[in-house]
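Below is one structure, written out as structure tokens, with a few remarks after it.
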Amino acid sequence: MSGLEIRRLRVSFDGFTAVDGVDLDVRPGDLRFLIGPNGAGKTTLVDAVTGLVRAEGSVRFGGEELLGRSVHRIARSGIGRTFQTATVFEELTVLQNLDIAAGAGRSLWTMLRRRKDVPEPVARALETVGLTELADSPAGTLAHGQKQWLEIGMLLVQDVRLLLLDEPVAGMSHDERQATGELLQRISAERTVVVIEHDMDFMRSFARSVSVLHAGKVLSEGTVAEVQADPKVQEVYLGHAAAETTADVAVQEA
Amino acid sequence: MTVVLGQTFTGISIGAVLLLIALGLSLTFGQMNVINMAHGEFIMAGAYTTYVLQKSIASAGISLLVALPVAFLVSGALGALLEWLLIRRLYLRPLDTLLVTWGVSLMLQQLARDIFGAPNVQTRAPDVLTGNITLIGGDDPLTVANSRLFILGLAVAAVVALSLTLRLTPLGRRIRAVVQNRDLAEVSGISTSTVDRTAFFIGSGLAGVAGVALTLVGPIGPTMGTNVIIDAFLVIVVGGIGQLKGTVIVAFVLGVLQSVLEYSTTVSVAKVLVLVGIVAFLQWRPQGLYTLRTRSLV
Amino acid sequence: MSSLPHIHRRRFLAGTAALAAVVALSACGAKTDAAGSSDKAAKIDVSGDTVKVGLLNSLSGTMAISEVTVRNSLTLAIDEINASGGVLGKKIKPISEDGASDWPTFAEKAQKLIKEDQVAATFGCWTSASRKAVKPVFEKNKSLLFYPVQYEGLEQSPYIFYTGATTNQQIVPALDYLKSQGLKKLYLVGSDYVFPRTANKEIRAYAKANGMTILGEDYAPLGSTEFSTIANKVKSSKADAVFNTLNGDSNVAFFKEYKSAGLTAKSMPVVSVSIAEEEVKSIGTQYLDGQLTAWNYYQTTQGAANEKFVKAYKAKYGQDKPTSDPMEAAYVSVYLWKAMVEKAKSFDPEKVKAASDGITFDAPEGKVTIDGASQHIYKTARIGKVGSDGLIEQVWDSGKPIKPDPYLKGYSWASGLS
Amino acid sequence: MNLLKGPSARAAAGFAGSAVVLFALAPLVLSDFRLGLLAKYLCIAMVAVGVCLAWGRGGLLTLGQGVFFGLGGYAMAMHLKIADAGPGNLPDFMQLYGTATELPWWWQPFANPLFALAATVLLPMAVAAVLGSFIFRRRVKGAYFAILSQALAAAFAIWLIGQQATTGGTNGLTDIQGFFGYALDDPVNQRMVYFVIAAALLLLIALARQLIHSRYGELLVAVRDSEERVRFLGYDPANVKLVAYVVAAGMAGLAGALFVPAVGIISPALIGIVPSIEFVIGAAVGGRASLVGAVLGAVAVAWAKTALSEEFPAAWTYFQGLLFIVALAFLPGGLASLAGIVRRRRATAEEKKAAVIPVGEAA
């Protein structure tokens, strides 16, 4: 298992600095939560790690430098992510979605033939995320929570060693959250997981460690209890509640 | 030396025409991301408006001046109508919009043919606009056509008017708000459909103005729009979406490039070279000269 | 479809392939080297009291501008002939087809007229490209085409009658005229297609032999409407005159630019070979006043036959509609066909061809005669000047009809051309 | 496995049915002239198969298929013109308009029939591969790609027209007499050409069907719907799109090559912006994502063009315009989606979803 090591990470868009010199270490097998108000730079951080936005500094995973590589190469080195709004291939079936996720390394010959049966890892992932029944339904017809599970399933068959999940339980019912949290705990037994989340209850129940981001910087880091006790965190969360929307818009416009 | 200067001026004047025909697109395509292939036919409508007005207004000068606002309204109305009938259903499907509006353009061309006849029609230019002024006298004088100066002036005026409208008026602010964040604009109480239609009205109206200007330099017929539409789109593509300054710079650069290449090679070769050059340029800057960066995924 | 029983796909695919192979093998027809492989003339439908002819013009697309006027005068001629009793006692029934300004479509429609409609003859085509596209169709089916437009010469199909001018009836006389006026330094401007390129080659050869100089030669793509650079080049060349073989829309843009550059018919006249009365109307006399054209016919051409033609045309299509050279040539072509058929007493293309030599017609442009050997017609060349009323006044003519010489065999300077 | 049985049985039946129609029924009921027209329509349908793959499946609205059609057509026509002229002679148009006394160097390889045949498919594919690898790698996509491909079609047509001495200019290459030794004016040989075209079309459909139902086909749809997402799964979407683009180009090239003996002409009029758009419209009307829809749509639109323009030339333009509007604005899945919509309505009268292009229903 490998860990994530971020040093002096900076991302700016047209003069607006979204991530401003972040240092972050996630140990192998950790289940790390990234929290912080809207516009704190959480998603941008994940974007930078996965190659979606250009960044300065250094991001190493398992000792390999990721910055400067293209998105699909980073993905191939074992890093997967999900998105705030669940992004699955709506017109393909659940099975097809998973099969594609499992197949980045396939040979041209395999690609040009039909799928004869359900590959082992795909069957396992279907079981794990509880979508076996729905394997042949178009992903577009799934409920919101099911789509998010499908995304996690896709990361599983992709066999990533680092999962970066952006608000995986948004819009889920309490039971679904519980199930998702337990799933994440199981996954993190053999992989490294980073979760961006707003839901504090969810974080308290499942986080092994927490980093708080604010205005592009790491404000606080530690266990749930440590972070909650940090006066800087309390100030940010209470003092900035009103400013959240505007900050979000600023990022959108940048 | 005269040749170099002369070709530069020629290039600028070609650029002015390009700018004028592309300006409306910079709003409808550049800001709203709608690929309206019928834009060329809105230019045509502007030109035919001039022709119709000249039947009732004897003075070529006055009719031309009257034609400018009337053509703006005529083409603008056509644009708003098109937006209401078809385009508003297609905002999420830009490629389909391209083909649908191509169909509209075919129908408008045939309509023009049925109303005005297949042959080109003529308009009279005011005498002052058929002359030229001499910049450098002598054996090989450098002259600039008055019609081209008029078009240049018109293009500059239209750019200034459009950018002031976008920057300073409440309408302009609303347009920019919708372009940048449609959902947010909607929840902030802006009627996005009204804004869309108004923007389309203005963009198409500008095509009508360009049509009036084109009567001074080119033919007025059913196919006049198709002759210019691809060039106009290329200006926007190279200039970059959502940026007026990209459109302006690229129109003039392409104009000068075209004129210099035409002079040193042939018109056909120049056209091919410019097109190939554009493809090469987009390798270097796939989003065009200027871009609005957004955080959206796609 | 879905109710069919399950079929093994591979076997059926193999079956299809086998079927295709068998069909292909059994279907081997004539080889190219087998001479006279297809001596099958197309059938002509002469049953009943009508005879069908094809009218093949572009009614849509970019060429519709010009070709619709040709279609009008073809229809006029047919109506006149039908009103006076038809041909060999049969009324002419025109079958209309649209070439849509697209050469492969012309070929397709020509086939349809010959094979499906079984027409006795076809009238039409405008551009050289469309003629080149249909030429093999008419030759293979041994059916007749009447082509009414001036063209670049260098062609003599046994199944085409050319009623427009070939180069020695239009371009060569125009050059003679320029030479006689002392205009010896020329600039050549043309659209980028066969006619201008071939014409300019001939002009260069003529100039070389006649002590004239060509200062420049420029082509614009068909439909091009940006002429400022070409106008600049022409202007700084200080030529005596411009020889203009531009086509269609380009002329409008060219003359607007020409005038804006300060060039006039006085300072540097332009001789155009594709601007007739209809084009003058769409460009505007404001830009064309005093410029020269070279044709075989103008609306103002003197003579009773023309008065009748102009009157009949305007009565049918409107007083504001001018008549022009290609329209006249089209009108004449129908009458010539009628005369040939009547002389042959048959609609059979081979007999009609055999009867063609020496047939004359009192045309609006004056008397025309068919040269049976070349299947072109004798035509009088005329240079005209655009007047402020939009009509073209003749300023010079060749005096008598010129014998057609599509390959310019009678001109020593042209020996290296083809 | 069971899932595949239903559709593939239907597909096999469809193939058998169309083979019967194309090889037995059509030659029986159609006159030579109409059969010749059908051959032409089938060539257009071959382009539509590629369009279905690239646009319907891959989301690449290629408005430049005329370029590839033209490359294939010119490659074939160049060989046939050389063969017609006979050894040592120049093709007729070069004698008329050219100054050269021998074949230009880039014509010479086409004297070899095998080279020419290979070039009809490989040349367009090579050009597409070069263009595509630049364009897709730089992530030029969507409308940009469409406009760019249009500009390329325009540039290619202008270039061809400008090279009159060696390409025949606007006229193109006309008056083609023979097809590998067989005289084309013989109706029997014309029929043979028709059979070759029909067989080629069925072959291309089978090929495209295999691609669409392969894992690659699923991936292509994924790229169409969310290119970025695919990238995060470790694929390079540029390569995925490139394959579809290159295959579509090869299909258009083959179509162009077979168009030449069927119609006897290839010219810039078949290459520019307008014909390139017309190649797409048939697929759009029939259903861009459905092979059957695209092919039938292409044939139907081409047929309608002939039929309507024979009767009412002006009406054709209106009708064509209307066809674009109705098919794309109101029926984005084309006519093929009607069947799907009906089937789905019957199956489940639940949620009213926006009409999506059905994926599982190709061929």
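For clarity, chains are labelled A, B, C and D in written order, and residue numbers in each chain start from 1.
To be clear about the criterion, contacts are C-beta pairs under 8 Å (C-beta built on N, C-alpha and C of every residue); 3 or more make two chains touch, one makes a residue touch a chain.
Fair warning: this is a prediction, and the values are worked out from it, not measured in the lab.
Out of B-D and C-D, which chain pair has the most contact pairs?
C-D
By CA centroid distance, what chain is farthest from chain C?
A
So, what's the distance in Å between the C-alpha centres of chain D and chain C?
Chain C and chain D have C-alpha centres separated by 33 Å.
Measuring from the mean C-alpha position of chain A to the mean C-alpha position of chain D, what distance in angstrom results?
Measuring from centre to centre gives 43 Å for this pair.
Chain A to chain C: how many Å between their CA centres?
The mean C-alpha positions of chain A and chain C differ by 71 Å.
Could you pull out the residues of chain C that touch at least 2 other chains?
Only 60, 192, 219, 221 qualify.
Mind pulling the chain A residues that touch 2 or more other chains?
Answer for chain A, listing residues that touch two or more other chains: 83, 87.
Among the residues of chain D, which are close enough to touch at least two other chains?
158, 161-162, 226, 228-229, 314, 317 - these are the residues of chain D that touch more than one other chain.
Within their complex, state which residues of chain D touch chain A.
1, 3-4, 210-211, 213-216, 218-219, 221-222, 225-226, 228-237, 353, 356-360
List the residues on chain B that touch chain D in their complex, please.
Residues of chain B touching chain D: 33, 35, 86, 89-90, 93-96, 98-100, 102-107, 109-110, 113-114, 230, 233-234, 237, 266, 268-269, 271-272, 275-276, 278-279, 282-283, 286, 297-298.
Where on chain B is chain C touching in the complex?
2-3, 6-7, 10, 13-14, 17, 110, 113, 118-125, 130-132, 140, 143, 145-148, 216-221, 223-224, 227-228, 258-259, 262-263, 266-268, 271
Which of the residues in chain C come into contact with chain B in the complex?
Contacts found on chain C: 60, 62, 64-66, 68-69, 192, 218-221, 223-226, 228-230, 232-233, 236, 249, 252-253, 256-257, 259-262, 278, 281-284, 286-287.
Could you please specify the touching residues of chain C with respect to chain D in the complex?
Listed in rising order, the residues are 1-2, 4, 6-9, 12-13, 16-17, 19-20, 23-24, 27-34, 37-38, 59-60, 96-98, 100, 102-104, 107-109, 111-112, 115-116, 127-129, 132-133, 135-137, 140, 154, 192-194, 197-198, 219, 221-222, 418.
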